[in-house]
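Going by the order they are written in, the chains are A, B, C and D; count residues from 1 in each one.
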Amino acid sequence: MLTDTLLDFFVETRQHTETICQPLEIEDYVVQPVVDVSPPKWHLGHTTWFFEEFLLKPYAKDYRLFDEHFAFVFNSYYESVGKRVVRTDRGNMSRPSVKKVYAYRSYVNEAIRALFSAVQAKELHQILEIGIHHEKQHQELLLTDIKYILGNNPLLPAYTPDFLEHPTESHEQLWISMEEGLYGVGYLGDGFCYDNELGRHQVYLNGYSISNKLVTNGEFMAFIENGGYTTHGYWHAEGWDWVRQNQISAPMYWHSIDGEWFHYTALGLQKIDPNTPVAHISYFEAFAYAQSKGLRLPTEFEWEAAQSHFPWGNRWEWTESAYLPYPNYRKADGALGEYNGKFMVNQKVLRGGSVATSSQHTRPTYRNFFQTHLRWQFTGLRLAK
Amino acid sequence: MLTDTLLDFFVETRQHTETICQPLEIEDYVVQPVVDVSPPKWHLGHTTWFFEEFLLKPYAKDYRLFDEHFAFVFNSYYESVGKRVVRTDRGNMSRPSVKKVYAYRSYVNEAIRALFSAVQAKELHQILEIGIHHEKQHQELLLTDIKYILGNNPLLPAYTPDFLEHPTESHEQLWISMEEGLYGVGYLGDGFCYDNELGRHQVYLNGYSISNKLVTNGEFMAFIENGGYTTHGYWHAEGWDWVRQNQISAPMYWHSIDGEWFHYTALGLQKIDPNTPVAHISYFEAFAYAQSKGLRLPTEFEWEAAQSHFPWGNRWEWTESAYLPYPNYRKADGALGEYNGKFMVNQKVLRGGSVATSSQHTRPTYRNFFQTHLRWQFTGLRLAK
Amino acid sequence: MLTDTLLDFFVETRQHTETICQPLEIEDYVVQPVVDVSPPKWHLGHTTWFFEEFLLKPYAKDYRLFDEHFAFVFNSYYESVGKRVVRTDRGNMSRPSVKKVYAYRSYVNEAIRALFSAVQAKELHQILEIGIHHEKQHQELLLTDIKYILGNNPLLPAYTPDFLEHPTESHEQLWISMEEGLYGVGYLGDGFCYDNELGRHQVYLNGYSISNKLVTNGEFMAFIENGGYTTHGYWHAEGWDWVRQNQISAPMYWHSIDGEWFHYTALGLQKIDPNTPVAHISYFEAFAYAQSKGLRLPTEFEWEAAQSHFPWGNRWEWTESAYLPYPNYRKADGALGEYNGKFMVNQKVLRGGSVATSSQHTRPTYRNFFQTHLRWQFTGLRLAK
Amino acid sequence: MLTDTLLDFFVETRQHTETICQPLEIEDYVVQPVVDVSPPKWHLGHTTWFFEEFLLKPYAKDYRLFDEHFAFVFNSYYESVGKRVVRTDRGNMSRPSVKKVYAYRSYVNEAIRALFSAVQAKELHQILEIGIHHEKQHQELLLTDIKYILGNNPLLPAYTPDFLEHPTESHEQLWISMEEGLYGVGYLGDGFCYDNELGRHQVYLNGYSISNKLVTNGEFMAFIENGGYTTHGYWHAEGWDWVRQNQISAPMYWHSIDGEWFHYTALGLQKIDPNTPVAHISYFEAFAYAQSKGLRLPTEFEWEAAQSHFPWGNRWEWTESAYLPYPNYRKADGALGEYNGKFMVNQKVLRGGSVATSSQHTRPTYRNFFQTHLRWQFTGLRLAK
């Protein structure tokens, strides 16, 4: 990518983050109701700190830090670059103020522009590109964290009419048959991708079938009615413990009111449309649903091999695959090597993308990953057999 | 008190709460870094809800609730008046917004004024008076909660130059001798007092001596240097567990920087003045300090009997007395009966008052109480023997 | 006491501990189902270690420790005498074996006999006496810990027919009137007592009435039927939290079977006799019961002043008094000073004695103390007003 | 297998379990120092209950349960067959006594013999075989649980001289090269295997090398000396948290005494032989070790494809593979279907076998599995690249 195009991409991405926050009250920027959800203010600062830490500090001549404490406040998990606020404490910090964080963003934006107007900066394209994609990843979290913050407030305030969460999947459900054989897996191209997609390699797949359609809210309601959450045989032992300890009996944000199902959305509390794809379920729930049908989730390889045959992008789709390195995977050196590799244990791969995914942020080889009990993302499922 | 005077007192008190909040950023109103500290926004709302719940709802004709959800959001611990937000969740709520809470305050202020302009309202003076004193109690918490919120922020922002935390006690330390005999204890007068002060009764005290001066920062530094926090023999078993589990080695807000003691104050980080009274210590620490001197804390009765002989009001002073009912104590009926009685177990009595105590809010018979490990109030100690 | 008499007392006490354990299987000696309950094996060893540590080690010439590791294994809480097994880990230790612990007892018994046959030992009478009373105190715990171990086993095995838990209080309930005035409190004599009973002093009591009879099981059943455990107004805030978090709805060991109340006893599961005094209730429950009657618990001073007017000794009786030092209380120096003083915070005083109390172990001035939520002792209540 | 041979196998297996327990004191049968370790008494009962529940109850005419409470006491995790003692409570139960449990074993042994002397019992061979292998699996746990119980006792008692934990791997370390291509994986034969080994299928492997030798204690000491436990870059994020929260700095049972490494073994505390394979490490540690060498763990498929080229059976070997179902895996119906399938999440596969593995219990396709932080099994590692 040429510097100009890349800078445009940078500016546009930086702007989009602020657009997402535009409907918020200042108070909404501050809170952290559970450990996995970060305050919007923190996302704004952290994505900015990433550019400061990995580009401006090492490469921008005479660069002065906006505030020397911000490295401590806005580092997320990079052990290589110093101490950081414990993740559970992010919601305890009223300062820096939202206004100050926006000033920090402008300051860093300006410094990046200045850095990249210099000729020698071309070598830094790759880091800038990672920074942009890193921010896009946080845009998705920002949306789902905002949903969590407002959707768990007793007043259930609406977020914005501009975010449409619930696309219809109106096509007929069909099974796509895939033949036994060797398939190529992993990224092959010269655009941007993460290191965990690299190492294009062959996998041998038995013959299988995969649905062309996501499981819908209506189908999930039937699962609930048929005792899905009370039948231990559908669940992993660990999933069953999770269900009982947390008294789970429906997807996140679902409320049963006078015998009807509602859910919290960007518009506030809404009646659930049975024809839209189910969202906000954990891997445990996706697995149990498949078991109740005598079916299963696809592996990430089955998904990747078949993905051109069905529409996707509305839901992150849980797969049966554990998040593991591809053959010949090698962590990058230094702090950027902490991006993916150190999370490759006890998580499941998700494929696809969701209504919260930023443009240009997903592709057929993209591997998202979460722990098996989490469900504040727009997570759904597709069946295989 | 005549209605007019009382209404003036009401208006002035309501105004003072907002004055305390004046230096805050909106973000500061929202967070709850630990369970004992409530968000300032919550104090603003809760003190208002108190008037709405106990005066307007039952007595104001045609009164319309400002928002029906606020009873849920702003009830603190009154089990008799319905469900309430769990105390640990107060800092997870970004809404209602600060602006909305101020509107709630104005709305209720206006309704109270209207109610008390009606002739029949004279019977309600007592409840209004409790509400005013309730708000004064929260003013103190508001100040100490703000200090906690800012003083535990990694940026250590100043609060305001207008709040002076550190009065000097420059008089010479002397022992006041009190003779053995019967002393009267408890409120005797016709002004306002809480139910836990009532039931004036006699207690028999052995002869004792009590210091005319609070223990100072300098004396407490010596305690630290002499191994006070590492000598188990000075501590209660429970206090010693607390010290070790929480790695306590100095009063709250104290920082040792290059061999010198600083503390966080309303002005930000300041060098500690050895001549000012120590603050922000738990009962456990007060007890251990006394033990290290071969002395003890006074009981609340010894304190009350001797209080006219020494100046007080700079620090809440820990006593050796457990918080228990006076003879013939009887809880009031209904929700207001929950004010004091139900906390009379496993807490210690504090006497005096502090730099954060609102005017007209303390008196010689006033009994404050906290759990033995808490120290975010301006708590200090006076020795006895 | 003369050496011979004291040695007889020692031998008899040591023997009685073993008699209590006689009905046990070896397995029963080992387990620790909750932190407050210690394995019987540990009691056998700890009471023995006390004599070894405080008498034999310092005073017996050429004494050789039975096993150098036992100080670590059997020290309870004496910080002054070295490291110790964490209390929660006592039930994780299968070794030393029960047989070895009995050998330890014999070895120490013999060494004590030898020590006290020497002339100079007369100075050590006081420590021996403390050791004997210490063991008597543990005999009580031994009985209640055994009850807990067997009574929480799903097989509910009987302990022994020789331990009678349930004395009848068949006399008529009457109120004893006590006049306002000064009363002497604390031990006055030359027999054995603990340091927390010393410092005979005067207290001024308002006039009061105290029941001549303990509250019975039948009365407590009525409390349950009348919603005692679901009426928050009867409870302290902390007690109410305890009830809900632990789902308490009856005294410990009570089981409702087909609409009838049974309880686990030394004989196994038995129908409850409504005329015997209630046992195994926490302070929180005792307080709530009194509140439900519009009455209260006596203070420990009221109890002591009135105790000659009613029979007692069947139940430890909760009082309203916090466990605090008497005037002029002074901790003994060294490890023995840790016996009482360091527990004088956040506990309540119990007066009386119980069916599990060893002979010669209680007296009118004896002060027992426990935390407010505990109830595995034979704790009951007497009302006052 | 013919009935006679199978019955011999049964008798021999049942006997071997008791032989393992022969060196124990009765006390050792009872304790449960951590949740993953069960009391030996429980293993003795649970393996017996398995035969009673799945063979005698459904198929033995007129069979009378030994004790109706034992299903509750000795069920491990089979949700389909009723309530059970919570796993953390197994060490709180002193009853049934060890003697009673041995009587239970004899009773059930006799009943099984009687059942299988009847002609029609041939259909039940499969269940009996599962029961035998189930008991063999528990024999391994029994040995490692005993080691944990004794090895965490402050007295560090020896277990038995007859159990040799530390085989030497004296052959030269070499890399075995395996070619890229398709390999068959899974059980193919007519002997016994578990359902998780079935479904022989092809996997495509890139070319790789695998060591012919396990990593040794000496090599692991070098890892420690070189800062292995303090270099975050070697660890997964979750592994790093585990290291810090549990202050892990060496394999389990290792003690550094005066600068030399000792470990607890069946013989008591012994100096560590640097030439024997390392044991008692978690997956996190195995992964970090490999990272520190710039190498990796083999996948379970790589291991299975190469296993004929190296000796194995001394250590359970951690692999990089998550424990997942093979293609076409289908849980058996009913309670026996809970054996494997419900654990197929968030665990890692181990291949090989160990010094604690019973004869005839492992094979090249055998898949063991544990959570990533566990290390009380004889777990080691082999490198790949």
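We take it that contacts are C-beta pairs under 8 Å (C-beta built on N, C-alpha and C of every residue); 3 or more make two chains touch, one makes a residue touch a chain.
Heads up on the chains, UniProt names are A, B, C, D = Ergothioneine biosynthesis protein EgtB.
Treat the numbers as computed from the prediction; the structure is a model and nothing was measured.
**Q** For the chain pairs A-D and C-D, which is connected through the larger number of C-beta pairs in contact?
**A** Pair with the higher count of C-beta contacts: C-D.
**Q** At what distance in angstrom does the C-alpha mean of chain C lie from that of chain A?
**A** Comparing mean C-alpha positions, chain C is 58 Å from chain A.
**Q** Please report how many Å separate the Cα centroid of chain A from that of chain D, as a whole number.
**A** 37
**Q** Need the CA-centroid distance for the pair chain C / chain D, whole Å please.
**A** That pair's centroid distance is 45 Å.
**Q** Residue numbers in chain B touching 2 or more other chains?
**A** none
**Q** Where do chains touch, given as pairs?
**A** A-B, A-D, B-C, C-D
**Q** With touch defined as at the start, can you tell me which chain A residues reach chain B in the complex?
**A** Per the stated touch rule, the residues are 25-33, 41, 69, 72-73, 85, 89, 91-98, 149-150, 152-155, 157.
**Q** Going by the contact rule at the top, pick out the chain D residues touching chain A in the complex.
**A** 77, 79-80, 182, 201-204, 206, 208, 232-233, 235-240, 283-284, 287, 296, 320-322, 324-325, 327-328, 337, 342-346, 372
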